[in-house]
Every structure is written in structure tokens, then in C-alpha cells.
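Note that the chains take the letters A, B, C and D in the order they are written out, and that residue 1 is the start of every chain.
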Amino acid sequence: MALNPIPDLLDALRESLVGVTDGQVAQYIPELAHAEPGWFGLALATLDGHVYASGDADRPFTLQSVSKPFVYALALTDRGLDEVVSRVGLEPSGEAFNATRLEPGTGRPPNPMVNAGAILTTSLVDDGFPRILAGLEAFAGRVLGVDERAYESEVETGDRNRAIAYLMRTAGSLRADAEQSVRRYFRQCAIQVTARDLAVMSATLANGGVNPVTGVQVVTRDTASHVLTVMATCGMYDFAGEWLLRVGLPAKSGVSGGITGALPAQLGIGLFSPPLDERGTSVRGIAACEELSARFGLHLMRPPARTASAVYLTENGDRLLVRGLQGDFGFAAAEALTRDVAGHATQGRLLVLDLDRVGRLHPVAVHLLGTLIERLAAYGMTTVVADVNRRGLLPQAHREFPGLDAARHWCDASLLRA
Amino acid sequence: MALNPIPDLLDALRESLVGVTDGQVAQYIPELAHAEPGWFGLALATLDGHVYASGDADRPFTLQSVSKPFVYALALTDRGLDEVVSRVGLEPSGEAFNATRLEPGTGRPPNPMVNAGAILTTSLVDDGFPRILAGLEAFAGRVLGVDERAYESEVETGDRNRAIAYLMRTAGSLRADAEQSVRRYFRQCAIQVTARDLAVMSATLANGGVNPVTGVQVVTRDTASHVLTVMATCGMYDFAGEWLLRVGLPAKSGVSGGITGALPAQLGIGLFSPPLDERGTSVRGIAACEELSARFGLHLMRPPARTASAVYLTENGDRLLVRGLQGDFGFAAAEALTRDVAGHATQGRLLVLDLDRVGRLHPVAVHLLGTLIERLAAYGMTTVVADVNRRGLLPQAHREFPGLDAARHWCDASLLRA
Amino acid sequence: MALNPIPDLLDALRESLVGVTDGQVAQYIPELAHAEPGWFGLALATLDGHVYASGDADRPFTLQSVSKPFVYALALTDRGLDEVVSRVGLEPSGEAFNATRLEPGTGRPPNPMVNAGAILTTSLVDDGFPRILAGLEAFAGRVLGVDERAYESEVETGDRNRAIAYLMRTAGSLRADAEQSVRRYFRQCAIQVTARDLAVMSATLANGGVNPVTGVQVVTRDTASHVLTVMATCGMYDFAGEWLLRVGLPAKSGVSGGITGALPAQLGIGLFSPPLDERGTSVRGIAACEELSARFGLHLMRPPARTASAVYLTENGDRLLVRGLQGDFGFAAAEALTRDVAGHATQGRLLVLDLDRVGRLHPVAVHLLGTLIERLAAYGMTTVVADVNRRGLLPQAHREFPGLDAARHWCDASLLRA
Amino acid sequence: MALNPIPDLLDALRESLVGVTDGQVAQYIPELAHAEPGWFGLALATLDGHVYASGDADRPFTLQSVSKPFVYALALTDRGLDEVVSRVGLEPSGEAFNATRLEPGTGRPPNPMVNAGAILTTSLVDDGFPRILAGLEAFAGRVLGVDERAYESEVETGDRNRAIAYLMRTAGSLRADAEQSVRRYFRQCAIQVTARDLAVMSATLANGGVNPVTGVQVVTRDTASHVLTVMATCGMYDFAGEWLLRVGLPAKSGVSGGITGALPAQLGIGLFSPPLDERGTSVRGIAACEELSARFGLHLMRPPARTASAVYLTENGDRLLVRGLQGDFGFAAAEALTRDVAGHATQGRLLVLDLDRVGRLHPVAVHLLGTLIERLAAYGMTTVVADVNRRGLLPQAHREFPGLDAARHWCDASLLRA
């Protein structure tokens, strides 16, 4: 068993939702209709480039509407915020993804997350589809393919999107050819990704535009924050308000069953499960996001603490590993500590966790650190805790001392005995 | 001159906007029409209870729509999230504050920030107006009065709100008496506050429901985050999307010229300037929020760093003050450090800032810390910087050393020489 | 058995629909809920004041929305078309009777047949309810009572109408007190009538504003035609188009089960049967109107003949042209006569126009025939008129005689002299 | 000078409006933009096939939206009312001609006069464009051409109509190919007509579907009345209610400046003047229609007389009752006669009905009079009919004679015998 409990947590979360059989696989084109309802993958990318994956996280599917925020990022890059905003609005429409309402006077679609706005956004990216594909590859950090059969099917059935494009032509907001714009949009929707890709793509947005795996600055910090904002207010269509309340992550879903989500400065999430609810969003995907948000404390409006949590390494001898913790620990900080400690684990070593300056441990942090302590014990490594206030924050530890000096003293003695 | 530069920053910001003379003072009741266009106050409350204020920050005005999120918090407390959501929706309506659209079938108003939703929310608070007043006093941390003349004027002119209430009666969503509900809502709008109050009230939401000045837990952590979420998506009506993009703070405005805003786990803001734009939001208030967000790095989607910034005190002798910095520093962390150091300032002392573990200093942090260093120098206190990488992050410091040991060594020698 | 088969026809029609048991009696107030589903009355009033009645044609019920066109007629009388149209629109809304949409900018309700328009219309009648009651009594030709219990029930349950009134107050279109206007409207709805009354009331509209039973000119000919027009386009709410296609009569229904209908210049219809369809219109009432329209050939777009009033040639000798006119002459008939005479014109001939059986000459007929007479004179052809009543209908004629015999006598003598 | 003053009246009307220079010629395609603002023609067709024309009544222009009611008539002919109504609604939409709203659930466009409804209607005509062209030629009574350049321009600029067609495809209401349907509609709009044609075309509708010039039955009487009804409620888009009030004629306008109007059973009108108001309707055309309606007494709700066809009493002795009938008998006239005769009934009397000048007896008149005759017989009163043409209109009569003299002769003999 690996020391790091996070993969197990993700597996457990995924398994707890496998039994959810609500929802219907999209039927309007054969390429989506052939998806198996049981497919279910999830992935989580940290901002130092580590990706956790579970289930069908490497099974390819078409991006569909999940492409919208990333192509919006490319349009912002090519045209600048002011021009893009003059062509596509920023307001949640309270309407369905395929609504046809345009802003009176300007003809602007309400926002870039509904189909109208996405088609217009696509027309604003310079140099056409090759640039779009290259941009999305930079977000994913790898070469991506296009499902040409899905593309052809969309071309055949996409009359509503044609209607929308022609309405925007008439309103003067779409200046490119309608059929060509719609086809480019269909092609972008047919790009193939995996849940792992979606996690890295949103982690790139959460990371100020820098792909945390490749280190490439895909878009600027400002563009990344603009895109996250629009995902937060408009990404889930007429479900945006409740989504932000219950899940608290900027996110975007697609009709193939994918969801991408990001917690700014924290991490990116990718989900894939084809059965959709009546709004066209993955049923298991929503449930998994709600669970991740609740269990892992990932909510924009509920940061783990007012003084941000942190880890610092105070000392590091051969036999003794000392880590001082400070602030309130949520998932991201606990994850970082867990991985750091696991990377330094050696049989026979002693670990001291100094909790004096820790405020509050979110339950996910207690669970992660507690599991780590138990696994270290099984591996042959003892953990002790120092806390002047003796709060018993980590009961899984071998002992708790009223301060770092006392803890060190015991450790020194213990090491001498060994 | 005080050592802490933040009051000067707020004064400068306020003065830079005094010349903005756009907008009209609300005219529909005499009590609002009599406001002077020049009144302008702002305040900023930290989560350890310190309040910075500038200009007319203590001039009383009526709460108006700024009351909505706080009364929503009380309704959530009294009825629980599920019941409240079954009666008032969560979705941005993309419509004006006084729109009459209700959800087909349920008769729910779209969200608690439009008038319809606010009137219904008010009817959900137990025990009527005394409870509402007491709840808002707990948010503000002081006893509040009601402007009875403003209330009477609203009663006389409030036909649209009556229309809305009767529509909700008809739809079955409002179960209380229409006229009584509207009057209770008018009375809540007539509660008198100051910009300082608004800062403390939103800081209470940002602080997990605990008033940072009084220490009272006004609402639960969950309720506070729910309210902040709804403010983020619906607080600025049909301007919500652009507001969140440009300012990035959950906020709520009122027709008397007040704006309250919060950055979760960071701070609360209060603004007051009566001239309104065509949407009914304070013109200088919007400008001040945009400036605060840009200058101070306060944006929900643009946290200063991926590893939250922090301060820790490594040592503190009589003559020597040593502060180790870690992570990326934005406004909140720089403010905390500034106040901490200013509070320990003694003529002749030496200050060592250890920047080894610092990632990035947001410009506001450079400005704040640099100004602090200059003022300390004028006061008679020398600051040196330690940084293994000699990055020159704080050029205002007296000297920069390649590490804490070198800095301490120089300090010890320097103190001996003194 | 009476010689006149019409009462039997009406009885047979009524009996053929007694078995229709669809629909629900209105339940929202006890006074309507207590109606028996089996009640069914119908009446038909001719323009010379005869009323045929069948079934429960004398059972009283409350007017409800059937009051709207008649009160609209009173408002037109008191304020004139221009002022009324500036306050209440004329366009079908395609919406339900209780829709709240007002015209942007003006705040006008869409038309006087929806509740909003009716409440506003009521506020335009001078001198309040006594004038409304007196006006409706003049339409019905008898003293009417008010069901005070129905009125009180409406007052208790009429929140949607209050909402509408307050919205119009806010929009500036309703200038009277909202509660007072709504109560006056409720009272007008509670006036008690019978199916017989409804037939006479609409016959008054069909008869150019003259009550055909009492002979009283209740409103002007123009007002009557204006009201009929608005009934045709807006009287059946969002069912108006299909109603006009299938029934072809301007009509108005009410929630108590009444329907009034009119065929201009032909007759008035009154129906009463409480069970309503989902739109709130009497089920048997609709069926009866469809049957009456189909069987009796009552359809606005399907008049019985292309030549309505007509011309006949009584005699035609070499030197004498005699034309007898019958009925009321409008443009079409005058045109036909003019062209006919012009085609038979010969210098030296005499023309006799027998006007005995002529009712009314529309000004365009006077103008056309007068001009014809003048031109015939210039051409060398003399025209004389015969009219027992010597009404001087065509002053351009050479002479007028008190009958055809006298005219012929003079012509014979005149021809002998030539 | 011609004896008939009607041409002069039309000329004077036209000249009185030449000075109206408001409005703009349609600019969106060159073929419309090149029209001269001064062009102004009008025509009036009677139901016996005479056409009065004035000004540019023979100048060709493209039909545009004026084509809609006539193609609707063809669709009703090909598919029947029920199928057509199941595909295209009948309700005025209160919206502009190019609105995109479709009925929820069915996807039906609101009515056949808006573009959506017209495109769908066009798709319902069997055998494509040749049938449409032939049908419109039958309405006009002559061979018509197509302006191919106008058609090509519409094809290039018609994106909004494409949008509408694709929306209807998506909604499932349009089952034909979108681009092909739109092109067929554009081609029908490009058919060239004159004001004279428009007068004959609407006279055909007013004449029960029979072209009054050619005598051809183009559509059935029912279809003609259905089309007139829909023109009355929907023909002038969101101006329909006010149009019917002020003008009182079912009508349809087009963007090339044409208007066609009809007064059922009376006449047809054609107008042509290119400058349009902001709604896209000919400014002079509207003014001319208002003037024609007011001066000539042409208003659906204001027929020239309450007794349209009528009854006259020729003689009345003790034993003999003679009634001469004239015109076409519908319900109202038959009722009056029935009541009159019934009031004069005496056992042993003879009744002579002179039908020489009767045109048509509506079935209800045959039924009423036939029943009367049968009951008179049972009562002891014999009825005979006089009709030069021996049409057998009232088979229930005792005998039919070839003229009044013969009937009287038989009666005298019969009375002597008694």
C-alpha cells in the first residue's frame, strides 16, 4: 500500500458513486449514444503538477461544451478583454445553453458559456481551428486528436446552432460566415480529451495560466482569472447559482459527460461519466464535485482559514524529521504536507509535527494526516506531535508533547535507545 | 505621522475619486434626495477586528438593499438552507432589482437579492422586525437606529414593491400578509448604518460568521459562506457578471449610496457615496471597489499565490525584531505584518525581515512594507533584509544579506557598536 | 305550436349541448363555486328589439369579465378615443387574462380586455361606480343589482389584481388609488345579469349604440364600433385568433360562465353555462357560439351576400329610366347604381329614383349619387326623386315628388311637352 | 368628363396624399432601394369585376409579405384547415414580423403572417414553387413574373429567415429542408405584381374565393373566409389591433410598399407606395386605407345598415298576403320575414312570396322559410312562390309560378273558388 492516502480517497469516492444510475447518455448523435453508462473517471491536478487519477480517467471522449472556457481564454489572448467583451457579454442569462436571446442594440450573446457566445467566441480566435487545437493542447499539455465522426454527426444535426449563428449574423455581432463558424465550433467540440486532461486544463487556469505539468505559460494570469470568473457565474447555465452555492468551484460541463473545475490557487479537477441529467450535465460528475467540495473543503467562499495555512520545515536530520505547521489546514495544504513527508519517509525515522501555530484542521486534513501517520507506523516510522495547548488534534500520533522542546527531547532519547 | 501607511493609502484612494461627479442622488423620497453628492466615506475591516476608515465613514445613512444579504443570513439561520431555498431561488435573474418574474410552478422569486426575493426572505425571519434589527446589530457590533421618516416615505411610494408582494401572494410563495411584509421590508431598509458598519458587517461574513470586533458568532460558518456565494452571483443584479470580473468581491449595493463587500477569509469593505449610476449603484463606490481590488490585489479568482502567504515570528529579543516571511504576500498578509511590526516598534531597535521563503510580493505588499521601512527609518529604527537569492525584493531596506545568519551577525555587531 | 320556428331551433341547439359535461365551475370564491354545472341559458336579441330566449336565460349571475367591453364603452364616452388609447393599448397580447406585462415606456396595459386594461379603464370612467352601474343598466335596458357577497369574496382573494394595479401605479399609467380602483373593478364584476341581458347588451353594440329594446342611444355609433373591434381582436385573450376563425363574432367571456357576442348590424347573443375550460371560458358557451355561427351563418368574414343593400330596376322605357332603391346605401351599393345609371344615360332621358324603401344614405352615397345627378344634368338628362316621406335625401335632384305615381305623372307630362 | 365620379374620387384621394413624404424606402437590397419615393398607385376592385385604378397602379413591384395570405390560402387548399392549424398557429403574436418565438411544445410559429409562419406555410404547399406561382396568378387573374435579381439579393441577405427556418427545424415544426424552404419563400416574395393585381387578389378573397374578373373559383368560400380572418387578426403584425380599429379591413402589407385589403362581400383594395414607416408598412398606404375606410364607409364593424338584405311588402289585401324578397337572405333577414308573416297569419289566407329579385338563400333561410311554410299549411294557410327563373328555391311551397302575375292570377281564382 502506498503511503499517500489520496488515491485511495479518490477511489473510495468514485466507488461510492458507481451505484448512481440516474441520467441518460446523450442520444442525438451516434458517437455520444454509444458511450457506456458505467464509464466513470476522475482526476485531480495540483499546482505543482502532480495528477491523481481514478477509474476511467484515461478514456478519451469529446470535449463538447467543456471547450468553451478554454477557447474563450484563447480569444481573450488574441483580442484583449475590451474587444472580446464588446462582442460577447459577461452576464449569466438564467437561460438554457441553447437559448437564442441576444442583447438588444448590440446583438451580443449574453456570455461565452452558452452556445451563442461560444460560437461567437470561436470566431474571434485568430487563424482558425489549428490555433484552437494548439491552444487546447497547451492547456492539456499533450497532443490531442479530433473525433471526425462526431464532428460529421454534429454538422448533420446542428440546426439549432445554425439558427443561432444566423441570428447573430442578422444582429451584426457575428461577422464571420455563419456555416463556417458553426463548423469550426463543432470541430472544437469534437476534440478528444480524458478526465486527466480536464484536471490539468483547469489546474492551468487555477495556476495563473501556467500549465503545472509542463510549466508553459499558456495564457496570462489576468486571462486565467477572467476565465475562472466567467466559469463561476455562467459555466453551469441556469444552474450556476445553485452550483456555486453547493459546490463552490468555477466549472464547465459538457454533453459527453465531462466536467472541469478549478479552485483558484489550489487545484484542478476533471470528471467523466456519460449519463446526464435533464440539464445535460453528468449526474455522477455533479455528485462527485459535491462530494469533493464537501469532503476536501474545496469551496471558493469557504477558505479553510483566515490566516492561510502553510507548512514549513524547521529541521531535517538523518533520523529526525521535523515539520512545523502554521495556520488552518485544508485539503491543499494537507496534501502538500502528506506528499512531502511521504517523500522523506525512511524506516526507523521519527517524525515530529509541531502544531503550536496550527489554528484549525479541516476534517479532510485530520483524515489525511491521520491516515499518513497510521501508514507510517505500519511502515516502521513513528510520529509524535508537539502542541503547547495539548489539543489532541491528531490522535493517531504515537504521543503528544506540550511543546517542540519536549518532543525533541523524547526523540533524542528514543533515537539513542534504538 | 503614524507608522502604518494603510490609512494614508485609503485617504489617497478616496481623494483620487472625490473629483468623480457623475451620477445622481436618488430622488424618489425626500430622505434620500437631501443627501449631499460630496459625501464619501470608506472603511476596511480586517478579520482580527481592526477597522481602517477614511472620509465620511461615520456618517449615518439608511441601509436600503444592503440589508438584503444580512437578513438572508437571518432567514437561513431561522429556517435552514433547504426551506429557504424552497421558497427563494438562487439563480441570477439577469434582470433589474425590481423585476417581477417568478419561477413558473413554484412562484419562487429568482434570488434573495432582488426586491421580490428580499421581501419574501424578510417574511421568513422569525419574530418580525425586532429580530431583524437585533440580527443586523449583531453583524454591525453596535446598536442601530431606524430612520422613521425614510420608512414613512417608502410606505407612501412603495407601490412597485406592493405589486411584487401581491404577485407572490397570488403565486403562493408569499404566505404572510402582503402589506405587512412590505412594511417590514421598508423598515429594514430604513435602518441607519455607516460605512464603518458595512465594513464590519461584511467582515463578519468573510470571517465565517464571527464578528471580528465583538467576537460574537452571529451566524454559522455555512450560513456565512452561503450568503457570500449569493452575493457573488446575484448581489449586483444584472451587472453581477461584469462586477465579479472587474472587482472580484461578493458585494451588495443600496440606493442610499452604500456598498458592502467581502473577500472570504481576508477582510470586509464598506463604502458610502450617494450619487448613483443608472443602475442605482454608487458611482464612486464602484470606482473605489475597482481601485481597491486592483491596487490591493483583492479578487476572488486571483489569490496572491498558490501557497497561501503567511507570517511567522522567529525570534524577538529586546533590541532585535526578526520576522520570517513565507509564501506570496498580498494585501491581507502584508497588512497583518505591517501592523504587527508597527506595534513592536521601538527607537533604536533593529528589524530583520527574512525573505528566503517568500515567493512573490504583490505590488501592494511591496508598497506597504517599503513605506513601513521608510517610516521606521524616520522614526529611528533600521530594517535589514535576508534573502539567500538576493532578489532585492524590498529596496527600501537599509541592507540586504544573503541569509538570516549573515543578517543576524551584522545586527549583533551593529547593536554592540551602538 | 307557435308559427315562428326560431325558439324551437334555439331549444334544439341548447338540448344538443346539455350532454357536454366537460369543464369545471370556477372555485376561487364560494359565490362562483356554488353554481350548478347544469345551468344553461341562451338568448338572441334582434336589432328591432325582439329577444329569443331558451333555458336558464333569466337566471342571474355575476358579470365578471363580460363587464369589460361595456365599461370600456363608457370610458370612451367620457374621455374620447384619443385619451383612452393613450392610457390603454389596443393590441392583442397573446397572453392570459391576468398577465402583468405593460408597454415599456408608456406603462400602458396591452388592451382593455385583460384585467390590467380593465382596471385602468374602470378608473377612466367619470363619477365612479354609480355611473358604471347606470351605464350597464342602459346597455341591458333594466335595473341591475350587485352581488355584494361575490364582491366581498373578490376583495378577499383579489391579490393578483392588486399586484397589477400597483404595477400600473408604478408605471404611472394608473393615476387613481390602487386599492380603490381594484375595488371598483371588483364591484363592476359583481353586477348581476342574465343571458337575456347579455344578448341585449351586445345587440346594443351591434345596433350602433342604440339599445334595440328601449331605443335609448347608450353610446355613439363610433364608440360601439370601436368596442366591437377590440372585442374581435382581444376579447377572447390568447384564444382570440382561433375564436374569430371558428366563430367569427366579436365576443367576451367571463369566469361565471357568461359570453356575450355580437354580429355588427345583425344581432346580439347571450350565453350562460358555468363549467369552464382551462382558459376560463364557458365550455358549452363556446360550443353554442360555434353552432350558432355555423348554423345561422353568423360570421364576420362570411356575410350572406356580396350585394347587401341593393338596387332594382322597376321599369325602363325609351325616354324614362326608373330605379327603385331599397335598404341602406353604402359605398358598394351606390357605386353599383352609379355605374348602372351611367351606362344607360342618353341625352334627353328622364331618371326617376324611387327612394320610398331607402333607409339611410351613407354620406358617400349622397356624394356619389348627388355628383351623378349634377353630371347627368350637365349632360342633358333630368333626375327626379320620389319619396312618400319627402325627406330631401338627394337635394341635387331637379324635383322631389311624394311618391312614384306623382313622379311618373310629371315625367309623362314633361316628355309630352318635349 | 366621364359620368362616373369614382375615378375622380380616387384621383383626389391619391393627390391629397402625394405630399406625405414621411418614411424611408427599404434599403436592405438594391432592388428595393432603387424604388422612387414618389411612386404611388391605388386600385379598387368590385365583386362584379370592375377595377378602378389611379396613379402608378400598373407599375410592377415585388410581392414580399403581401404574398403570405395568398400562399396560406393555397396551403389550406392542399392540406385542409386542421392539418395547417396543427403546423401554424392562428394567434396574433404582438411581436414584429421577424420574431423568432415558437409555441412551446409544438414548435408552431404563432401565425402565418409572420415570417416564421410564412416560411412554414410555404413548405406546406404541394408541388413547390410552380404551384405557388400558378396559384397567385389565379388570384391576380393574369400571368405573373419573378424578379430574379430581387430573389438573388434576398438569398444573399436573408440570414434572419435562415435562422428562423433552422429554429423551426430544431423545433420539429419545419420538416422540409431549411435552405430550400427559405429559398422558395424568397422566390414567392419576388413575384411581381401591381396595385391593380392586389385589388383583384383581395377582391377574390372578399368574393368567397371567386376571382371577380375571371370568374374562376380560386379557393373555396371557407378558405377565403379563413384567410380574411387571419389577415384581420395578424396581418398588420403588432399594429393589428389599432389597424382594425382605425381602418377596419383585413389587410396585409409588404416591404416593397404594397398593401392589399378586403371588405368581405364588398370589394378589394390594392395600394403601392414605397416609403415605409418604422414598422415596415407603406406610409401613404396606411393613410390611403384610413381615408378610404372613413370616406367610403368601409369598416368591418360599421356596416352601412342594420338591415342588409331586406324584405318589402308589395301588397296586402284581406285574403292575400304578398311579400317581395330582394337580395341574399341570411339569418337576420329570414328571421325578420318569418316574424312578419307569422304576425299576419290568418286561417284561409294565401301567401305569395315573390323571389324574382332574390339572389341566394343561405341554408338557414331555406330552413326557416321552409319550416314556416309547412307550419302555415298545417295552420290552414297556403303559400305559393313566384320566380321567373323557376329555381325551386323553396320546395316546401304549394306551387311555384313563373312570375308574380301568374301567381296572383292563380290566387285570385283560388280565392273565388273558396
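To be clear about the criterion, contacts are C-beta pairs under 8 Å (C-beta built on N, C-alpha and C of every residue); 3 or more make two chains touch, one makes a residue touch a chain.
Everything numeric here is computed off the predicted structure, so don't read it as measured data.
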{"item": "Partner chains that chain A and chain B have in common", "value": "none"}
{"item": "Rounded Å distance, chain A centre to chain D centre (Cα mean)", "value": "66"}
{"item": "Rounded Å distance, chain C centre to chain D centre (Cα mean)", "value": "21"}
{"item": "Set of chain C residues in contact with two or more other chains", "value": "none"}
{"item": "Topology of the chain contact graph, where touching chains are joined (line, ring, star, complete, other)", "value": "ring"}
{"item": "Touching pairs - complete list by chain label", "value": "A-B, A-D, B-C, C-D"}
{"item": "Touching residues (chain side chain B, partner chain A) in the complex", "value": "47, 85, 89-95, 110-111, 206-208, 221-222, 225-226, 228-230, 232-234, 238-242, 244-245, 248, 250, 264-266, 299-310, 312, 326-327, 333, 336, 357"}
{"item": "Chain A residues touching chain D - in the complex, by the definition given at the top", "value": "100, 159-160, 162-167, 169-170, 178"}
